[in-house]
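Chain IDs A, B, C, D, E and F follow the sequence of writing; residue 1 opens each chain.
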Amino acid sequence: MTFMRIAEAQIGEAVDAGIVGIPLDIATSNRPGARLAPREIRDESRLLRPYNMATGAKPFDSMQVADVGDLPINTYNIEKSYEIISSNYQQILVSGCVPFALGGDHSIVLPILRTMRSVYGPVAVIHIDAHADANEHMFGEIYTHGTPFRRAVEEELLECNKVFQIGLRGTGYHPDDFDWCRNQGFRVIEAHECWNQSLVPLLTEIRGVIGDHPTYVSFDIDGLDPSVAPGTGTPEIGGLSVVQALEVIRGCRGLNIVGCDLVEVCPPFDLSKATSLLAANLVYEMLCIHPKVQYHDK
Amino acid sequence: MTFMRIAEAQIGEAVDAGIVGIPLDIATSNRPGARLAPREIRDESRLLRPYNMATGAKPFDSMQVADVGDLPINTYNIEKSYEIISSNYQQILVSGCVPFALGGDHSIVLPILRTMRSVYGPVAVIHIDAHADANEHMFGEIYTHGTPFRRAVEEELLECNKVFQIGLRGTGYHPDDFDWCRNQGFRVIEAHECWNQSLVPLLTEIRGVIGDHPTYVSFDIDGLDPSVAPGTGTPEIGGLSVVQALEVIRGCRGLNIVGCDLVEVCPPFDLSKATSLLAANLVYEMLCIHPKVQYHDK
Amino acid sequence: MTFMRIAEAQIGEAVDAGIVGIPLDIATSNRPGARLAPREIRDESRLLRPYNMATGAKPFDSMQVADVGDLPINTYNIEKSYEIISSNYQQILVSGCVPFALGGDHSIVLPILRTMRSVYGPVAVIHIDAHADANEHMFGEIYTHGTPFRRAVEEELLECNKVFQIGLRGTGYHPDDFDWCRNQGFRVIEAHECWNQSLVPLLTEIRGVIGDHPTYVSFDIDGLDPSVAPGTGTPEIGGLSVVQALEVIRGCRGLNIVGCDLVEVCPPFDLSKATSLLAANLVYEMLCIHPKVQYHDK
Amino acid sequence: MTFMRIAEAQIGEAVDAGIVGIPLDIATSNRPGARLAPREIRDESRLLRPYNMATGAKPFDSMQVADVGDLPINTYNIEKSYEIISSNYQQILVSGCVPFALGGDHSIVLPILRTMRSVYGPVAVIHIDAHADANEHMFGEIYTHGTPFRRAVEEELLECNKVFQIGLRGTGYHPDDFDWCRNQGFRVIEAHECWNQSLVPLLTEIRGVIGDHPTYVSFDIDGLDPSVAPGTGTPEIGGLSVVQALEVIRGCRGLNIVGCDLVEVCPPFDLSKATSLLAANLVYEMLCIHPKVQYHDK
Amino acid sequence: MTFMRIAEAQIGEAVDAGIVGIPLDIATSNRPGARLAPREIRDESRLLRPYNMATGAKPFDSMQVADVGDLPINTYNIEKSYEIISSNYQQILVSGCVPFALGGDHSIVLPILRTMRSVYGPVAVIHIDAHADANEHMFGEIYTHGTPFRRAVEEELLECNKVFQIGLRGTGYHPDDFDWCRNQGFRVIEAHECWNQSLVPLLTEIRGVIGDHPTYVSFDIDGLDPSVAPGTGTPEIGGLSVVQALEVIRGCRGLNIVGCDLVEVCPPFDLSKATSLLAANLVYEMLCIHPKVQYHDK
Amino acid sequence: MTFMRIAEAQIGEAVDAGIVGIPLDIATSNRPGARLAPREIRDESRLLRPYNMATGAKPFDSMQVADVGDLPINTYNIEKSYEIISSNYQQILVSGCVPFALGGDHSIVLPILRTMRSVYGPVAVIHIDAHADANEHMFGEIYTHGTPFRRAVEEELLECNKVFQIGLRGTGYHPDDFDWCRNQGFRVIEAHECWNQSLVPLLTEIRGVIGDHPTYVSFDIDGLDPSVAPGTGTPEIGGLSVVQALEVIRGCRGLNIVGCDLVEVCPPFDLSKATSLLAANLVYEMLCIHPKVQYHDK
């Protein structure tokens, strides 16, 4: 089944927005299973109807949206998979399509950002996550789901002073783990700074900083609290609420969005399928902030 | 087991409040299973004790409460079931009993409202739900769980300017789906209008509008966020919190409550039984707003 | 596996902080299973890393922490188990170790408080719970998980005007159940008083009252809302949020903490293991408020 | 996703074998949910590879197999759904396609058999089930999942002395419930007659009786023991083993198979998805007994 | 709900057969939860109809069967509970009723056997179990679920040469654990002696030995293989099949049955409820071997 | 926790038998998660007691058994992990220890067999599995969980005419998939050849062929039927029974066992933990066939 039963398309077809499954999870440190997420998210998306009642967004009235299926990643080899992702993203971006990736673990953002860089130059990033994912390495390896943003900085893929990391928290290997990010120019908004409040003001501020710079949204589902998104591999308590997640995504409306991902949904740990359902909704909300989307007057 | 192990009674016995199971779920569009809800809600209600510690309500000290069992609905035919519900409700209302229904899907509210109309005239309604349930039809059928409030308006069962729909949200078939409701005079409070705030002021306002008009409370469990009420058939993210649910029900104290329902609990999708437990508590809170209930001074 | 894979130690070894499993659940009135909690909490604790990113706490840099294993309680006899707990706690306290207990049901707090009294005199208590646990008896028995704080008062184990019960709620056997507590001098903060707000001000107030009096923290996981902590034996809706739980524990920083417990996690009802994961995090946060812990400058 | 990722086709296309989803479950007496089975069975079928290692069957080498999707049944009305099933089956049969239905509850076999009759005359039936499904009515209704074979006899759809009911058992409303079947000429093989033995001899006997008469295979998953097929609505202990199920289906090789169904899989009660996986395999085995299938020499 | 929705009766009423819930599980060594079994078994029993299709038994046509509810055991004290069980059983037996107990853990069989002895003298026992339950003590305690048959021998409650233990297996504390039983005169039939064969001949032999001696049937659900009865506290692989369980119970027809129990169902570990469903069926089969039951000619 | 709470030892310590965890699952084609199996199998092994009641084996009376923990495999790289496995196994074998591996996926058997070859020469193998695991490659990769026995033959690690593959079945990519194995001299016993019978005679035959040749036992849990071992990544219906599994392992008594593994347990798909419990028992039974084990006379 395609996402929301929309049409299928081939990689490289000139659609405005493309759903792309990337079932890679061998860069996971803790619980694997994110390879099953594209299937489950598509399955739960069947409950979605076309119009966004809260915002008035009409994503299917004003642009072409298609599901290009899953990338044929190599289940046994991270670097070969990176090449497959990059070459497919190259075709997608060249065709003018804005890709919305269904991960997979967070390691997939590195080859995506590489391609973004080659087409758009260094991008702004809005990164929702419990973790900075900026470790130097994990168990000696440089390509893992805990290291992509470190690599992205080293490879100069990011417009560092337009990078926002929202929801970081939990326990760390060093008490200054987040300082490396700050030192690159990232704005780090820790989860506890978000507690008990609306994130609408934060997003207003972010939009002011980013302006019309090409912007990538990378949403790790573990940015949310485990009580609302249990189906993930590295849960950390005290995370964002669903309302805050919606405020963040809806708050991106007006930005020059060039790509989005929703990663780290781990279906084997999502017994009730609530996390996949939530993810399907969040991807729908991401579609609604595509620059071409028109809105119903409310 | 009866609800909270209270006494059994026959339909038509002159008790003040009656628990009524209505295990009908064949009007469900998506996931069936609500027929199993009366049993599960009763089962989880065994944890409840008689006094409401937060509000001081003493529902069993000042009135007679009984469980009249499940209505013998026809599992294969919606319209026949409607007749069974109406004729039983007629007996219940005539005896002076305020019924508290354990659904079943939301389609059951139509025959209930028909009977309410015949006894009380058009009623005020406080309707908590993710959906307006006011579609013209679903797949060509007029009697489904997505259409009862459209039918209720057509059949003039409602005092339309005293109808409040709280928690509506999600994706819709048309961007103006909620406008039909507003055009009938309903007050629609969308979920995103409730985010990050107490609903106590809203209820104060509602009580002011309704005054002492006979009032029916229809509570679809999917009005709540799926993270707190996963066991339902058509979940929509971004819903009300448990605290808001309690604020709404407790905020009805003082109204002229003539009936209540709690619908759309779907036990097969409620692995942890948390939704049934929540529903049992909400039904208990509904009992506490029965006009005859006395309160302990706090 | 030990908690967070820390070192093992023997009861009575002179470590600064000791994790103690107390797998007793035969004093449970409703759903048993808490005997399995120490194992599951330790299992989920493997995800934790040493530093507290939000507060800067460095619990392992400045003190010795060890896991002393499970106490060899008698699975068939409550009173014999109480003696085993008391005699082991005596050794622990005498060695200067601050014990962090993994329950077990809440009945274990009575022999713990007895030993605390013998070493420190009557203690201040911060008690997070849905229930006051101050019944006179349950089904005629005086030693159960619903009675320890009644016994503790009778045995003069508590500095009653420095006892705080946070999160009480639900239905009760009598409308004045909480008044007994208030009459002893306890400060009762009901759950509905906490809704929709930060508990940081409350903790500031509590710290002012307690000063440097020896303080015990007893955390019943059912103090939290069932939507965030479903794996417990006596869930009550409308409870504290995870954020509030963290505010309470972190708000204890600066107090003279002499012991902590985390009780009533019931793994058979925690299908997703989310409650055990949450409990492991809360115990970690408790370690961080040990008086010897140093903090990273933020 | 299509069954086994095979090609899609339209109803009425001239393929040799067609997978047909029939998501009807409103004729269920006990636990609904079979409407979700076609989706889940297709999902689990992705594990299947083309060749049958045990029998050597090569179903895709010698005939065209396609998935024609789900029939657009009316979710709210049994009789309207029957008409939809019949008219679609008419097109399927006329095109020369052998349909393999994914139910849905067992009520769907009645409109299927009606169409079979109109094309082939009265058919032989191999019916695996815990129940005879030959009640006169259920709760006063004549079209339910407990009555189709009674209706089929009344409507003269069956070659009664070539009907075999295998696996019947459990508790009944009358001690002579199975006698009605025997009186029609059916051969009833109760489950306890199958215990502890191979069914290969039985199938040899059945093939002898049926000869080359057009034969329909109707497989209710509850024919199997609940320990191997828990995900069904009316489980009865003491049922057939998986090995016996395979012996029955493989034993049909050589018969003039004109259609098959696999019904009563109920995914909400199939937590581990084992029943859906089993069903997918059984449907594959049914494909392998299509008269056109060639076999690898073993 | 009563078992199979039969009538309720008071303890001591002169019915022929009585269902008795005994929700005691504090004598459990490993996983508690059997206290929840009576409720769950009754709940699953709603699927049962009155007649036994395989054997022709008509238990409700020829005798009075009632559900006397749960005994008010003391949840905190084993010995007090024993007294409660004994005194209630005394009333039951004196009234001429044959009790069918829904455990609870296996420790309940000791007070039952004590009462049986007082009324009938030492009884014959058919004991299905993975364990001999004849330990001298467990962790120093003499009244536990691993010791009742040792106590029963010591207290001379058994006609030892008419005691049959079927299904024993697994790992033991001593390699000669079963020899103590054999030395008392018990016939021990280990599980591996039952593999791959019908138990009909064994039961024929047992009936020959017992003759018309008063006989008690004690069925620990863990006698069955964990793959068919996962919901139990001390599972051991390689156990009896469901078919063998039915052969054993049905093979008791003709014996002078004075009481039966079905123990050690542990619902928290029975996610799919398959074990409770199985237990409900086995209790029904036990009812069918009550000496007063008439059979339909087959 | 160690396996069965036995002592810990270091790799290379001179114990007779060593439990070795190998949490590698990145060579899995379908569902990952086997990395979590060593932990879960150890956890469930706590139920095991020292003596084998059915066979009389006394594994801990006559030899030293220890748990050497988990090998520090590289979670992101198969070939690096192979080197880690080989070098650790080299130390284990040189010390005279017989290793019992807890997988992990089946790819781990290749580096194990390489080390076995270097110490013992080509080994005999008893391989229980649903799949031959002898593919030339999977998705172009040569080191995966579907290819180890092809590699083992190419690298001349096996005494091919003393290799037995038991339980093969299911669907295949080619109808002659198993012929490659037969052409190497392997004896392939397909699952359907095992149906409805004891495997004791087969094992007698196997022992005759192998004699005293060094023998390795590789047990893929998916050799068993999914109804008894649902927690695995590539389930195939119609597999071996638990009884047959026990017959195979017990039938190896008397062989010159030099190593064993139990692989492909996948805990995220083992909701009830029944598969891990089964695996723990099977590993215990493997310990019992270590050549040094003494037996109690039965």
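Here is the rule we use: a residue touches a chain if its C-beta (ideal position, glycine included) is under 8 Å from a C-beta of that chain, and two chains touch if they have at least 3 such contacts.
Keep in mind that this is a model prediction, so the values were computed, not measured.
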- request: Taking CA centroids for every chain, report which one is farthest away from subunit A.
  value: E
Field: Far-end chain from subunit B, centres as C-alpha averages
entry: F
- request: Could you label the subunit A-subunit B interface same or different, taking same to mean over half of its residue numbers are used by both chains?
  value: different
- prompt: What angle of turn lays subunit D on top of subunit F when you fit their CA atoms, given in steps of 5 degrees?
  reply: 120
Message: I'd like the Å distance between the centres of subunit A and subunit D, where a centre is the mean of that chain's Cα atoms.
response: 44
Query: Roughly how many whole angstrom separate the Cα centroids of subunit C and subunit E?
result: 40
Message: Measuring centre to centre with CA averages, how many angstrom lie between subunit E and subunit F?
response: 38
Statement: Where subunit E touches two or more other chains simultaneously, the residues are 227, 269, 271
Query: Which residues, counting only subunit A, touch subunit F once they are in their complex?
result: 25-29, 31-33, 35-36, 74-78, 138-141, 143-144, 268-269, 271
Statement: The residues of subunit F that touch subunit D in their complex are 30, 168-178, 190-192, 195-196, 225-227, 230, 234-238, 269, 271
- request: Flag every residue of subunit F that touches subunit E in the complex, lowest number first.
  value: 47-54, 56, 58, 197-198, 227-228, 242-243, 246, 271-272, 274, 277-278, 281-282, 284, 296
Statement: Residue positions on subunit B within touch of subunit E in the complex are 1, 39, 43, 271
